[in-house]
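All chains are identified by letter, namely A, B, C and D, in their written order; residue positions are counted from 1 within each chain.
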Amino acid sequence: MSEEEKKEENVRVGIFVCHCGSNIGGLIDCHKLAEESKELPFVAHAEDNLYTCSETGLAAIKKAIEEHNLNRVVVASCTPRTHEPLFRECISEAGLNPYLFNFVNIRDQCTWVHMKHAQEAYDKAKDLIKMGAAKAVKLEPLEMIMVNITPAAMVIGGGVAGMSAALSLSRQGFKTYLVEKEDKLGGRLNSLYKLFPYDIDASEFIGNIISNVQNAKNLEILTSSQVINIEGFVGNFEVEVEHNGTINTFEIGAIIVAVGSSILDPTGLFGYDGNKRITQFELESKLKNNKINQKDIIMIQCVGSRIEERPYCSSVCCMTALKNALNIKDQNPEAHITILFRDLYTPGTEYEEYYRKAREQGVLFVKYDPEKMPVIEETQVKVFNEYINTEMTIPYDLLVLSTPLVANDDNKELAQMLKVPLEANKFFLEAHVKLRPNDFATDGVYIGGSAKWPVDITESISQGYAAASRASTILSHDTIEVEGATSCLPEYNKSLCTGCEVCVKVCPFNAIIKNEDDEIEIIEALCKGCGVCAATCTNQALVIRHFTDDQIMSEIFAYGGE
Amino acid sequence: MSVINFEFRNEVLKHNASLSYCYQCSTCSGGCPVALITEGKYNPRKIIEEAILGLQEKLVNEQDPNPWLCSTCQKCVELCPQKVELTEIFTLIKNQCFEKGKFPEAFSAQGQAVLEFGIAIPYSKAIISRREKLGLPSINTAPVEEIQTLLKETKFDKNITRGGD
Amino acid sequence: MSYDLFLGCVIPARLPYLEASARKVFEKLGIILKDVDGFSCCPDPTGIELIDHKTWLALGARNLSLCNNNGGVISFCSGCVETLKGVNYFINKDITVKKEVNKYLQKVGKVYEGNTAVKHFAEVLYENLDKVKETVEKPLEGFKVAVHYGCHYLRPSEIIEWDDPFEPVTVDEIVEALGAESVDYDLKLECCGNPLDKSDKDLSLQMIDNKLDAIQKAGANCVVVVCPACYQQYEFNQRELNKKNGTEYNLPIFYLSELVALAFGFKPQELGLNFHRVRPNALFENVGFKV
Amino acid sequence: MDIPSKSALIIGGGIAGIQAALDLADMGIQVNMVEKKPCIGGRMAQLDKTFPTNDCSICILAPKLSECYRHHNITLYSYSEVQKVEGSAGNFSAEILKRARFIKEDACINCGLCAEKCPMRVDDEFDRELRKRRAVYMYYLQGVPSVMTIDKEKCLWFTKNACRICEKTCERDAIDFDQQDETIKINNIGSIIVATGYNLIEDINKEVLKNYGYGKFRNVLTALEFERLESASGPQGGHIKRFSDNETPKKIAFLQCIGSRSDRVEKYCSSICCMYTTKEAMIAYEHDNELENYVFYIDMRAGGKGFQSFLKRGENEYNIKYIKSKIAQITIDEKENPIIVYENLDTGEVKQIQVDLVVLATCIVPPQGIDKLAEVLGIELNDYHFIKTPPFISVETSKNGIFTCGCVHEPMDIPRSVAEASGAAARAAEVIRGG
């Protein structure tokens, strides 16, 4: 569209500069920015707001659209990552196509990174707004893409989190498949003795849940089964599951990852020998099967965690140690149990009470300094007691190591199949650590339990339910809308395409295929608009909607001149 | 090198069960007026930790930290978030020190007096006449034999005659 | 109103003038204090108890077994009060303790069930605060009093069950009822250091030095105490401190009963104020208190 | 999926209630949300940033507030309370008292003119009484619904039959002094979710803070007060000054477990303080790189995702010194600088340190009014008066069809509250869909 055409169309841009409290306004003069923006081409209105995203700010946008006949809106503020959907919805409520909105990031990429350079930050913000306004002029209306939803869910992992998720979904009336690698459901709970902080038998507890799952309507259990391939996108996944050499394909609307975690291999740590020096997990099996007769027992916390290689706290080990200590005391009140620890992790109401109970029952706690690690000898441990700055020797005939939960080795493969990320410790990475704890950034895929981070049974269950809820928000609809700013091969560019398929190979979302007619086709529901294809296309045949060459060049020209 | 002594630990616990609740938060030491002016020489928290582990050698023989520096002001008892009755626990430790003859001499003088007179300070002639001048009545204190019978029963007499350092 | 009177050792046998003032005050208030024959040492919670806990319990219980007044027993000494309340506490908390104690008492033909009420004399004064106010004849105007509660008057609160262990008010209010001003000062609730006298004299002096320093800085012109151990620490060690450290403390130390008695119109002479090492005469002159 | 005929009732409009409401609404279920305060947002709205990412709290919350307000499946009753609940799982009915705010919600555009002219100055609850608001006020700047409220207890018209300046000022005719409290009856409620959050110990019992001079020493604040001071929209615009002398603090001591883990106050651990303290210290440091931060703690409780590395960053990049020593008491010097006595564990020595400001991590307590609400709902509370939940199923209550999430049943951080909120929504949906 030429300048002339724009004038004809009567493009009227409104600019809203957000203070974001003091995040932006604390460093640069937002009012002045807004005033100066009024001079930019096609700008019909500009103002500044303390929080443009507040109901007050949104009302101001709508009011300005009406009063100034705006047909393009620019918000200069925090980040589109969290706020673009809100503003799009806002202008759409005011009657504009949501894609006639442009976000200018003057917080995350400006005032935050240039915190110490107010003037430069101001100049940069001014440039960014100028560029954003120029792009806004070129914006075209786009339509969201409607996608049909298959009302069926698949839960991967038949532990306590996965079963909770599957039960809830099936009770809500959704066809649910529960896939478990092992030949029976229950996961780690099958091997535990009792469950903290209650005197509840693990097998009894998990047995009840398993029988609920087995009796549930709409719920199909696939044990000894493994997911081997996942295609498709939200509402329309095709999942291949292998069972005893046969492969079945399932049509699935939403997927829940509940694959749990593993226990660190303790080989080489603190003289581990699987016999006299064992893990808490091994201790549980012993407790389950017979009495612990040893009199002097030492437990060591943070074995292989909170160290450089594995910096995190596994959050369940302190409670596990307390539980096993109390269970041993139960069997044998004369046993001497000493727990060597760093920080006792017993948050909340019942756990803190449990810690107190352990002290009451005579469990001893000796704090050690990670700089002076306990030294394991054949029949005794030498430990430097930080509380009294004294080296102590404690005899043992059973040494129990509290090893952390670690990410499953095969998380990576599943993550690749699902196109979801892992974090540094190879646990699954959720969409937003604070407000989207059970979502992935990828639509239609959810997570619960210790596949995401070590959690106790209570949290595993509530997260299982949470993932079910999130999946249900998709499955409850026949269709949903997905992002319209996708890649496309416009009719007028088709002649430029040589069919080299480079785009097919580079697309990280498998959204580009060569169809039956031997033509490049973009599956828009899968496309995230990342732009890799267009950047790679040697003939510049592919176009990214909302990020067209014309739109981007207009920004560059606005900054540096033609 | 210290070794946990469960026997001694149990002895303290039997005397005062609140010991087990301590989680070594340092409230007692931070609030202790003596700890503040003794550069760590006196530290109620450390005594408690040693008691938890039954480190009798440290507590009674080495007296590290020195329990006799406790002024019995009871501030720690009042502040302790786990309601550990520290002063009571120190009492047992000091009783043990006494049995081992490791205590400041002034204490045995008081004990001696009680054993001998039934009261800690016998009435001197001067005081008796001062009392008369002030119009105060004469006091009939406990029969000494009765007190001595009692103190024999509690084996206090043996403790006292043993003497301190 | 009537109480059995438990005198203990330090006051009657070393500081009888404190006893004199207290007896006068209660007589004037019409509260009967009944002398009881046969009391031993309470015994000292900072002395005998540290030698042997069970002896402490046994002697304390024996003393309490001698009381038969419905009003319970009153003492002028915080140490005695702590012991007697403490013995009650331990006997009532644990039946085995009660049995053990009575096993000892049996040998001397006594028995104690643990139900004699114990009160500090300041408690009783506070409970009769209106009457105290009414009885004041010579308000203590110009007296800027640093109230030293002392530890055992307040703590452990679970045993003492009187006043707030960290924000006490009772003695301040009594002092103010007499027309004097109670001056707030740093370290108000800290220990005077007296019990350390037996184990580390220097430490003991350092503690009282810190207190006196804070009291002086706050502009108080005298100190009031409710315990003979604190009294001795403040009174007797002031001069020693001056000699040792070159300080120039000269703060009159009053027993609470003495202040009350003065306000009730008793003469310093009949109270034996002349036995004080730090003489209050200069204070009386400075504030225009006619004696 | 068929559109269910039963609706959900959500009590509490904090982040937990909001998440539960949004999930249910997105499932196509009608949601009634009841919030006691004039606006939804809860505690999270009061926070400056959130750990461990230090995301701006209101910035990530605001879109959710708007979403809640606009969602066609959500009916919001703000400034309202649930008074009566009858029936059982699948078929509850409820009576809601909607208090008169004396503002026509559809007319008010939150322009603020009325508040500018209102002569009555009142302690601002949202800002923890660290500043004044007017008798006609916006609960907080970004609050939803974005309308004013008249504080009947303080308004001159209601107290003295005078003034009514706001009425004359309002260009939109939005003031309505004749508005009455309304009782609204809702039938056909399939399931109820209780998410009324928490209070802090200072809200119900300031006594326990007296050893720390709180209320007496001007340079001793609680953590939530400090959070408001750090907030750009708070009483000091995000530039922290001491109340005693308006100076920027250079040394701040953060004291942990104030009331928590105590046999004298609350036995439990408040779960979130170690982390938010680190965050608050970081933000303070961001404002002033010369700042020295001291955190006095018992056990560092950092088990959540990214928490350990958050502490490391605090130590290495934000000048935070973590000292294992619980603080018993605070005194002040002649300049009102707090003085803290603590034990140095390495040497066993007891040391004094003078700081400029003290921030108390006070313990979380059950929300005010929980006893009454539990009675109305017929659900049980535990020994601490949090909502009682059965073993391992933290979103269930003692009554079928009534679920719970967030701090109303146990202290927890935002991610867990949000997860539980979704979890409770799933369970509520089961009941509503007759599963």
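As a working rule, a residue touches a chain if its C-beta (ideal position, glycine included) is under 8 Å from a C-beta of that chain, and two chains touch if they have at least 3 such contacts.
Just so it is clear, the structure is predicted and the values come from calculations on it, not from any experiment.
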Which interface, named by its two chains, has the most contact pairs? A-D
Taking each chain's centre as the mean of its CA atoms, which one is farthest from the centre of chain C? A
Approximately how many whole Å separate the CA-defined centres of chain B and chain D? 49
Roughly how many whole angstrom separate the Cα centroids of chain A and chain D? 25
Take the average of all CA coordinates in chain B, do the same for chain C, and state the distance between these two points in whole angstrom. 21
Residues in chain B with touches to at least two other chains are numbered 21, 23, 45-46, 82
Contacts with two or more other chains, residues of chain C listed in rising order: 166
Flagged in chain D as touching 2+ other chains are 211, 261, 299, 329, 345, 347-348
If we use the touch criterion from the header, which chain pairs count as touching? A-B, A-D, B-C, B-D, C-D
Interfacial residue positions of chain B with respect to chain D in the complex: 21, 23, 25-32, 35-36, 39-40, 43, 45-46, 65, 79, 81-83
Complex contacts: residues of chain C adjacent to chain B: 7, 9-10, 12-14, 16-17, 19-20, 23, 35, 37-41, 43-55, 58-59, 62, 104-105, 107-108, 151-152, 155-157, 165-166, 189-191, 193-200, 203, 206-207, 210, 272, 275
Complex contact set, residues of chain C against chain D: 166-167, 186
Residues on chain A engaged by chain B in the complex (per definition of touch): 336, 338, 344, 355-356, 359-360, 362, 364-367, 382, 385, 387-388, 390-395
Where on chain B does chain A make contact in their complex? 1-4, 6, 13, 20-24, 45-46, 49-50, 52-53, 55, 58, 82
